[in-house]
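Right, one structure below, let's go through it.
Chain naming follows the written order as A, B and C, and within any one chain the residues start at number 1.
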Amino acid sequence: MVTINSSDQRARLIGIFTFLGGIYFFLYFVLPESAISFIGVKDRHEAISNGFIVIGAMAIGLGLFNLVSAHGTRIVFKKIGWVYSLALITGLVCMLGVTSAQWLQSLALSAEQQRSQIISEFAQRIIDDADKTTATLTVPALQVRVDALKLYGFEHLSVLETKLLGQRGASSLLQHELQKNIATVREKLAQLDAVSWGELSPGSATLLKEVVTSGAKFSVARGAYLREAAATTTVQQLYTLLYEGFFNQLGSAMFALLGVYIAAAAYRAFRIRSVESALMMAAALIVMLGQISFGRMISDDMPALRQWLLEVPNSAAFRAIRLGAGVAGLMLAIRMWLSIESRSFSAGKKR
Amino acid sequence: MGGLEHATPGILVTVAFAVLLLLYELRRVERGYRHFIRRIPGIDAVEGAIGRCAEQGRAVVFTTALTDVGPVLYACLGVLHAVAKRVAGYKLKLIVPQYSPEAMVIVEDAVRGAYNDAGRGAAFDPQSIVFLSSEQFAFASGYMGLVHREKAGAAFMFGVFAAEALVLAEAGQQVGAQQIAASVSPEQVAFFICTCDYTLIGEELFGASAYMSREPVQVATLAAQDRLKLLFALVIIIGVLGATLQSIYPTWSLPTVDLFFTTEWSSLTW
Amino acid sequence: MILAVGIPVFLGYSRPPSRLVSAERMYEVMAKTEFKPGEVAMVWLDFGPGTLAENQPQAEVILEHLFRRRVPVVLLSQYQQAEVALQRVPREVAKRLERELPDQRWSYGEAWINAGFRPGGAIFIQALVNASDISKFLGRDVTGMPITQYPNFAAIGGVERVKLVGEVTGLTGVFDTIIQFFQKGGYQPTVVHGCTSITIPEAYIFLDSGQLKGLLEGIAGAAWYSEVLKQHYPKSDNTKLLVVNTALSAAHLVIILLIVIGNLVPLYQLLRQRLWGSHG
C-alpha cells in the first residue's frame, strides 16, 4: 500500500504550479498573436503579469524580517558589535518612517492634483461618449453634462485662486504660470456658453477639445506648483536629505572606491608572467589608450586598433562565453520548470 | 531588417528539443551510464581551501552576490551544498551573506540540507545566512565588513556579479583569504582573474556542482547542455560554410541556417 | 589618482576626445530615423548614483539630439533608483537648449514625459510590447497625469509607433531584457545603447550582430558624440563633458603607469639578483 505523505503532496502541488506558470509565459512569448487571441488570454495578460509582479514585491518582507531578527537579537543580548546593529536598525526605522510620511504626502498631493485633472478628463469623456451610439450608453443629456463641467470648473478655479492668495512655498514663476493657466481654463469654460448643447456638433466638439487641452496644461502647472510647495516641507526635506543626501552619495562613494581598488590591483596583479599574460597586457593597453584622449598622441590608429580588438577577438570570446552560459541556463531553467530537483536543494534526505 | 526575432517556430522547436534531450540524458544516467567530466582546477581547490581554514580555525564565506532566484542560483546551490557539507564535517563557521530576500530562503534550505547530509543537523545556525542588503554597494560594504571582522580563511564567490565584484575580491585579498570565484557575467571575470586564486569562467559555474557532487540529475543536466552546445557549434559551422560559399559563388542560392530561427509564424503555411 | 582626476576638473582643462566609430554610427542612426506625427522615442534611464558619472552624460547627449529634432520622448526606467536621473536629466538638457536658443521652448508634457519606474522587468516589457495602446497601458506619468492628456503622447498606439529605443545603463541583465523582449512579429525597433566602460565588450557582440544600431562607450563615447553634435549644431556646449572625459583619461594614464611600475619593479629585482646576486 502506498501512502502519500503531506510533504510529497506539497511538492507535487508546487511542481504543478511551477509547470503551469512556466508554460504560460513561454507559450505567450513564442506563439503568434492570433493564437493568443484565439485562446482568449491576450486581454487578461496584463492583469496576470501584474499579479506576478506583485508576488515578487512581497519578498521585501522577508529581508526586513531577517534584518530585524538578526540584528535585534544582537542588540537585546549585547553581543559583539551590537552598537553597529543598533545603528543599522535606527537607520532602517528612520528611513522607513520618513519614506512612509513622504509617500502619504505625495498621495495627498496626487489627490489634490487629480481634483484639477477632473476638468480635462471630464471634458474628454463627454467627447468620447458622444462618439458612441446613444442606444448603448445611458448618460445624462449633453447639456446637463456640460453644465456640470462648467459648475465644477468655475467652483474649483475660484477655490484655487483663493488658496493661492494665502499660499507660500512655490516660486513666483510657477505661481504666475498657474494663474495664467487658471485664466485660460476659465476663458475656455466661458466659451461653452456660446453654443447650444442639444447634440455635439464639430464646432462644439472643438470648444470641448480646447477645454481638454487647457485643462491638461492647467493640471500640469498645478502639479508642478504643488510639488515645489511640498519641497519646502519638513517631510520632503528630510526625505531629500536621507535619500539624495546620504543614500545616493554613499552609493556613489562606494562605487568610487572601485577606482582605488583598480589602482591597487593594477600594481599588484597585472604582472607579465607568461606569453598569455603578455598578450592580455598588450590588449589592455591598446584598448585603454584607444579610448582616452591621450591615445592620439601615440598614434592616430589607436582607436581603429582598439575597435578591431573589440569587434573581432573580444566578440568571439564573449559570444562563446555567453552561448555556453546561455545554454547552461536554459537547461537549468528547464529543470526548474519540470521540478526535476536534486538532493542539494532540500532540507531533508530524499529517497 | 536586422536582429533576431526570438518568438519564432524555430525557437519553439529548439526548446522542445532541449527538453527531450534533458529527459533522454536523465534516463541514461538513471540506467547507470557514467559521463566523463573534465577536471576543473578551481573546484579541485575547494577541498584544499576548506582544509586550510580548518588548520587555521578561520571562517568560510560563501556568497552568491547579486543572484536572484533563477537558473544561476540553482547552479550555485549545488556548489554551496557541497561546500556546506564539508564545512559541517570540519566543524567550521560558515557565513553566507545574501543580497536577495527570496534567494535567502532557498539558500537557507540548501545549507540546512547540507548539514543534515553531513550528520550535523543540530549544528546548523540559521543566523549564518545573513541578509545584508538588496542594494548593490550596501551589500558590498556589508560583505567587506563581514570578511574583515571574521578574518575569513576562504571566500567562495559564485553567481551574478556586477561592479562590486572587485570590491568583494579585494576584501578577501586584504585578509589573506583563499578565493575561488565563478561568474556568469563575463566582464567581471577579468577582475576575478586578477584578484582571486582560481576563477571559473562562464558555464564552468554550471558544471561545478555536477563535478563536486556527481549526482545523477546534475551530471545529466551537464551532459545535456554539452550536447546542445555541440549541436549549436555544428549549426554555426554549417552556417559559416554556407555563408562563405554564398559569398564566393553569388549565383548559387543556398538556404541559410538563420532561416530556421527567423522564419515567423505568419510565413508558415498549414 | 585624486590629482589626476582633480587637476583637469579644477583647471577646466580638456583635450579632444578619441574618435569612436560606434558613436559616429549612432549619430547617423539617430539623425536618419524618421518619426512621423504621433511616433515617439522611448528612452530607458536605468542608472542610479553608482553609474551616474558615466551614464548621465550619455543620457544628456541622447536627449539633446532628440530634443533638437523635436522628437517626443517617453522616459522610463526598470531601476528604482533612477528617479533622480529621470527628473533631473531632461530638465537640465531643456534648460541648456533654451539658453542656447532663447526663442524656443522644451517643456514637460510636450518635449518629454516621465513615466517613472516600472517594476517587473521582462514581464513588464512583454506586456508593454503587446499592448494595443501604449499611452493607455502606461496609464499615468509620475505627476499623476494620464498620459493620454498630453497631446504629443495622447495616442501613441502600439509599439510599432516607438521608432527608437534608447537604453542607458550600467546594470547587467537590464539591456539584455530590452534586446530580447522589446520586439514582436514584424516589428524590430532601432535600439541604441549607452553603456559603462565595464560592459563595453559585452555590448559589442550585439552591435556586431545588428541587434544594436548604436553604442556610446562610456564617457568617451558620450564625449565623441557631443563633438559630432557640435559639428552639426555649432552652438552646442560640451565643455563640461570634455573636461570630465579628460579627467578620466588622466586616471587611465595613472593606472597604466601603475601597471608599468608593477612590472618594472620585479624585473629590476630579478635583474639585480641575476647580475649582482652571486656576489652577495
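Everything that follows uses one rule, which is that a contact is a pair of C-beta atoms (placed from the backbone, for glycine too) under 8 Å apart; a residue touches a chain by one contact, two chains touch by 3 or more.
Just so we're clear, the structure is a prediction, and the values are computed from it rather than from any experiment.
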Arrangement of touching chains [line / ring / star / complete / other]: complete
Winner on C-beta contact pairs when A-B is weighed against B-C: A-B
Chain centre separation (subunit A, subunit C; CA means) in Å: 18
Rounded Å distance between subunit A and subunit B, as computed from the means of their C-alpha atoms: 29
Whole-Å separation of chain centres (CA-atom averages), subunit B against subunit C: 30
For subunit A, residues that touch 2 or more chains besides their own: 29, 32, 56, 251, 254-255, 262, 270, 318, 322
Per-residue multi-chain contacts in subunit B, two or more chains: 6-7, 136-137, 163, 186, 264-266
Per-residue overlap in subunit C, given as positions that touch at least 2 other chains: 50-51, 181, 184-185, 201-202
Complex interface listing, subunit B residues touching subunit C: 1-7, 66, 136-137, 160, 162-163, 185-188, 264-266
Subunit B partner contacts - residues on subunit C that touch it in the complex: 50-51, 170-173, 179-181, 183-186, 188, 196, 198-199, 201-202, 209-211, 213
Subunit C residues within the subunit A interface of the complex: 1, 15-22, 48-53, 81, 84, 108-109, 119-120, 123-124, 126-127, 130-131, 137, 143-146, 148-151, 181, 184-185, 197, 200-202, 204-205, 208, 217-218, 220, 245-246, 248-256, 258-259, 261-263, 266
Residues of subunit B touching subunit A in the complex: 6-8, 11-12, 15, 18-19, 22, 26, 70-72, 74-75, 77-78, 80-82, 98, 100-102, 104-106, 109-110, 112-114, 116-117, 127, 129-131, 134-138, 140-141, 149, 163-164, 166-167, 170, 184, 186, 189, 191, 194-195, 201-203, 205-207, 209, 213, 215, 217-218, 221, 224-225, 228-229, 232, 264-266
Contacting residues of subunit A [partner subunit B, same complex]: 26, 29-32, 34-35, 56, 59-64, 66-67, 70, 73, 81, 250-251, 254-255, 257-258, 261-262, 264-265, 269-270, 317-318, 320-325, 327-336, 338, 340-349
